[in-house]
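The same chain A turns up in both complexes below, where it pairs with chain B and then with chain C.
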Partner chain A sequence: MMKLGKSTLALFVLLPLLCVIYLSVVSAWTYPLLFDAEFSLKHYLVLFSGESELAWSFVQSVLLSLVMATLGLLFGFFVAKEIAFSKYGSRLLKLAFYPYMIAPVVLGSMLQFYFVRWGLSASFFGVMLAQCLFILPYAVLIMSSFWSENILQLFKLGQSLGGDAKTVKRTLLYPLAKPWMLLTFAQCFLISWFEYGITQVLGIGKVKTLSVISMQFLKEANPHPAAVAAVLMIVPVLLTFIILYRWQNKAQGNWSAIAPINNSLSHHPKKVGA
Partner chain B sequence: MILGRKNIVLTAFVLICLLPLLMGFVYSLGYSLGVFGLMNEGFTLDHWLRLFASKDAWSSLIYTFLLTLVSITLVIVFAGLLSRAFVSKPERSFTQKLLLLPLLFAPVAAGFAWYYVLSPAGILSRISHALGLTEDITSFPRMVNDDWSIGILLVHVFLVLPIFTFLFTAQAKSMNLLEMNKLATSLGSSRLQCFTKLWLPALVKRFKLLIVLYAVFFMGTYEVPLILGQSSPRVLTVFISEKLTMFSLDDIPLGHCMAVFYSACIFIVLSFFLYRQKSTAS
Partner chain C sequence: MIEVRQWQKKYAELEVLKSLNFQMEEGKTLAVLGESGCGKSTLLKTLAGFDVPDGGSFLFNGQNINALPVHQRGIVYMSQEALLFPHLNVFDNLAYGLNIRKVSKATQREKVMVLAQELGIEDQLEKMPSELSGGQKQRVNFGRALITQPRMLLLDEPFASLDSGTRMKMQKLFIESAEKWKLSTIFVTHDIKEALIVGSLWGTMSNGSLELFESKQAFIAAEQSGAKEEMAFWQTIQSENGRKDDE
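What follows is the complex of A and B.
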């Protein structure tokens, strides 16, 4: 019984991944061919042709996600500090859930008028701004779990022992905050990386991130390039995941901090009510 | 200086959180009431009356609600079962590591992958053909774009199950639920009773807020139903984006009405759970 359960679970999680990888390395996968379709790397080789829309889309996605992760980290770090030591901190922090819980595609549709009017529609900067609307509050949510009374006391202790503010920050605060900063950066990167709805609505299909182009191929019933796009979406996440997993192994041995990594719903309500 | 750095930062935070939502809400509300928009000619409730008279809108609303309910129930039950199995195992067993895989998938990639697993021309159909269980594409049961939304439900469970399983397992360990389970068994409870009356209720109560948040997330899901769902009934997000972006100008106010309705519902539900719940929820 246990073995059957394990096998079912393994099949459930492995099948989609294997399917995507397989589809990306074959061509002409017509029914009823199963595993004997023609092996071909041509869908990957196109990436290096210099004219590939997919390669440009990958670069654009990486750039967008890196910018969003950096902005999220900076915003989250400083704003969370002010919120943590504010009189209304926990109440204010709950506001961060609102932009995040409205479906991005609906938020984008409601804001489209303003974006068109201000000339931000269909531009990289416009999509970036749109993603900021929910990524920045989310970054504050994660970083707020770092700022506690204990950290403040440590900071003061460092200063009372003779360190100036700059030294205490460099030698005490930043090393302590490193795991949270890494987590915030990775989470913001992933939210941006996974995002489709608002990018499609406000980018009007002209800002072609990997998720947008993947959906485009899918609508065109073009499974092989779509599979390559999906593989390109998965690999950076895998790398991020390995880094987080190793760090997690070293740090705590607790799953919960990296568990809510997916589909952009990684806030920990634990921190909000506190 | 009247406004210190702290106040400026806090004001900026509040503005970033609320201003865009408010702007979008006001515009959509105005459009739905005939105040804004090129086609509108002044204040009217006609669009709202049309929305509530529309069978399409109601079916979309009910369908989204049911899909959310079934998705979150499936996730909770399966995560409960897996946490029961994992709780006595070492923390990094192979199966647990395997369960991290779905976290690599963006909803678009998951929807795409499952489409080619479940569709009539997909992997499962080809396997069943190779085994001689089905003759051709048409004899394979429909699991994508189907009446029962099997594909959408599977992908929802696929994407969210790992998170709930890990959280449930960690919590079950910290609450010592296994010992309580043993005690209940020794007092005569069956395994099913232990699961339904002890294990699940304890975990659900502990993660009530997270469950609500994920339910709200399922209500706003877009990519997965777009790939694996039917054209009718469709989820709210697909309904709204279709009405707002398709070519029928008459339908645009309906899209705005539904967007206002949806965001107001989310706002009320979130406010109720975030601000009314005591901090013990954490």
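What follows is the complex of A and C.
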């Protein structure tokens, strides 16, 4: 029974993936004949032609997501620290939830007027700025679970044992924060990577990230390039999960304080030494 | 000679330390007894440099170390909870102070092995902190401080969270180490028995004021130490038991 359940679950997860991969490596597929199509890699080969809109879109998406993940990590790390040890910490942290009260598309529509006036509309920088509105608060929320009284005590202890601030940061703070930093980076990357609403509204279709171009292909009823775009979207996600999973296994071998990654990847974190 | 003069600390309008004055010889343990909230922890934290005092001076052989940053004071503060570095194993926790001073790996190994043997944790060196018992954690905590050969240890109820058996072992270990390493220590506790066992000087703290006693007898005789009450309690128990035995 358990085996059947697992197989069903695996099929449920894999089916859409297999479908997308199948559609990306065939051409001239017509409904309703599922397998009556020609095998072809031409949609992938187009990526290397030098004129491919999809290739440029992939590069642009990677760039945007990397910038957003880096900004999110830096902002989250330092702002969460200030908030955690501020007198008004809990009130300030509530502000981080504000962007989630409004759907990104609605938020984009609300900001469109200002973006047009400031010349930010339809620009890469404008989209970046718009994504900051909900990615940065999210980064603060993740990193705020790291900054605790306990971390402060460990920092002071390191100093008390003879380490100057720089040494204590290098030997204690950053190694301790590593799992949180990795998770923040990965989550911010993924949010930016999959973001569609606000990018479409404020980029007015001219900032063609992978999610925007995928939708464009779908609207044009162009399933094969849409499938290639979808495959390209999945690759970084899989890589992120593999990196997080490997990190988790490595960390479990030597350190139990990996709460954020354990929580995100497993509901039953193994106890060290258990 | 260690000397603290006119040591003050206020939080808003609340005077937590009221111009404290005391001195002690190096290599001695000053056991400070006091109720929760009397300012004991604030005294230790300001001396360690974690918190800035509002006034006063802290002298080591006449040299004021007030202006020194925490890492240059050579004073190690240990709290009730054995705060081990969770990403380092026992060996690396013990060697931390040597590692940041860039002591060679061979010397680190040698010193850690000797100390671990002394503390009875030589078979725990590869373990992570989460795999240790409360007593073992406190031993590592203690060893990590000792290995840096601090000029002073500030212990804030270090054994309070241990069970009575482990606590007794740790007290014994502390006395042996304090003697061997000639440790200058301020040992804060709320346990009269512990204060009498570990101390070579005694004091009581209440409402931000510290009173030092000339001898163990003076400390026991003082109302505020609570020693008399404690002894009276055990005498009552003893006499009650005696009566029951007679019946």
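Please note the rule applied: the second predicted complex is superposed on the first by the 238 of 274 C-alpha atoms of A that agree within 3 Å, B and C clash if a C-alpha of one lies under 4 Å from a C-alpha of the other, contacts with A are read in each partner's own complex, and residues count from 1 in each chain.
Convention: contacts are C-beta pairs under 8 Å (C-beta built on N, C-alpha and C of every residue); 3 or more make two chains touch, one makes a residue touch a chain.
None of these values were measured; they are calculated from a predicted model.
Enquirer: Per the overlay, which chain contacts more chain A residues, chain B or chain C?
Expert: Partner with more touched residues of chain A: B.
Enquirer: Counting only touches as set out at the top, which of chain B and chain C does A:Ala221 meet: first, second, both, neither?
Expert: neither
Enquirer: Is A:Leu161 contacted by the first partner chain B, the second partner chain C, both or neither?
Expert: The answer is second: A:Leu161 touches chain C but not chain B.
Enquirer: Can A:Gln153 be said to touch chain B (first), chain C (second), both, or neither?
Expert: Only chain C; A:Gln153 stays clear of chain B.
Enquirer: Check whether A:Ala28 is in contact with chain B, with chain C, with both or with neither, and answer first, second, both or neither.
Expert: neither
Enquirer: Applying the touch criterion given at the start, work out whether A:Ile234 contacts chain B, chain C, both or neither, answering first, second, both or neither.
Expert: first
Enquirer: Per the contact definition in the header, classify A:Leu4: touching chain B only (first), chain C only (second), both, or neither.
Expert: neither
Enquirer: Do chain B and chain C land on any of the same chain A residues, and which?
Expert: Shared contact residues on chain A (touching chain B in one complex, chain C in the other): 254-256, 271-273.
Enquirer: Applying the document's contact rule, which stretches of chain A touch chain B when the two form their complex?
Expert: So the residues of chain A in touch with chain B come to 2, 5-6, 9-10, 12-17, 19-20, 23, 31-34, 78-79, 82-83, 86, 90-92, 94-99, 101-107, 109-114, 132-133, 136-137, 140, 193-194, 196-197, 201, 211, 214-215, 218, 223, 226-227, 230, 233-234, 237-238, 241, 245, 253-256, 259-263, 265, 267, 269-274.
Enquirer: With touch defined as at the start, can you tell me which chain C residues reach chain A in the complex?
Expert: Residues 48, 50, 69-71, 74-77, 79, 83, 85-87, 89, 96-97, 99-101, 127-128, 130-131, 144-145, 148.
Enquirer: For the complex, which residues does chain A have touching chain C?
Expert: Checking each residue of chain A against chain C gives 150, 153-154, 156-164, 167, 171-172, 175-176, 254-257, 271-273.
Enquirer: In their complex, what parts of chain B are in touch with chain A?
Expert: 5-6, 9-10, 12-14, 16-18, 20-21, 23-25, 27-28, 36, 82, 85, 91, 95-96, 98-110, 112-117, 121-123, 125-127, 129-130, 136-137, 158-160, 162-163, 166-167, 169-170, 209-210, 213-214, 216-217, 219-223, 226-227, 236-237, 240-241, 244-245, 255-256, 259, 262-263, 266-267, 270, 274-275, 277-282
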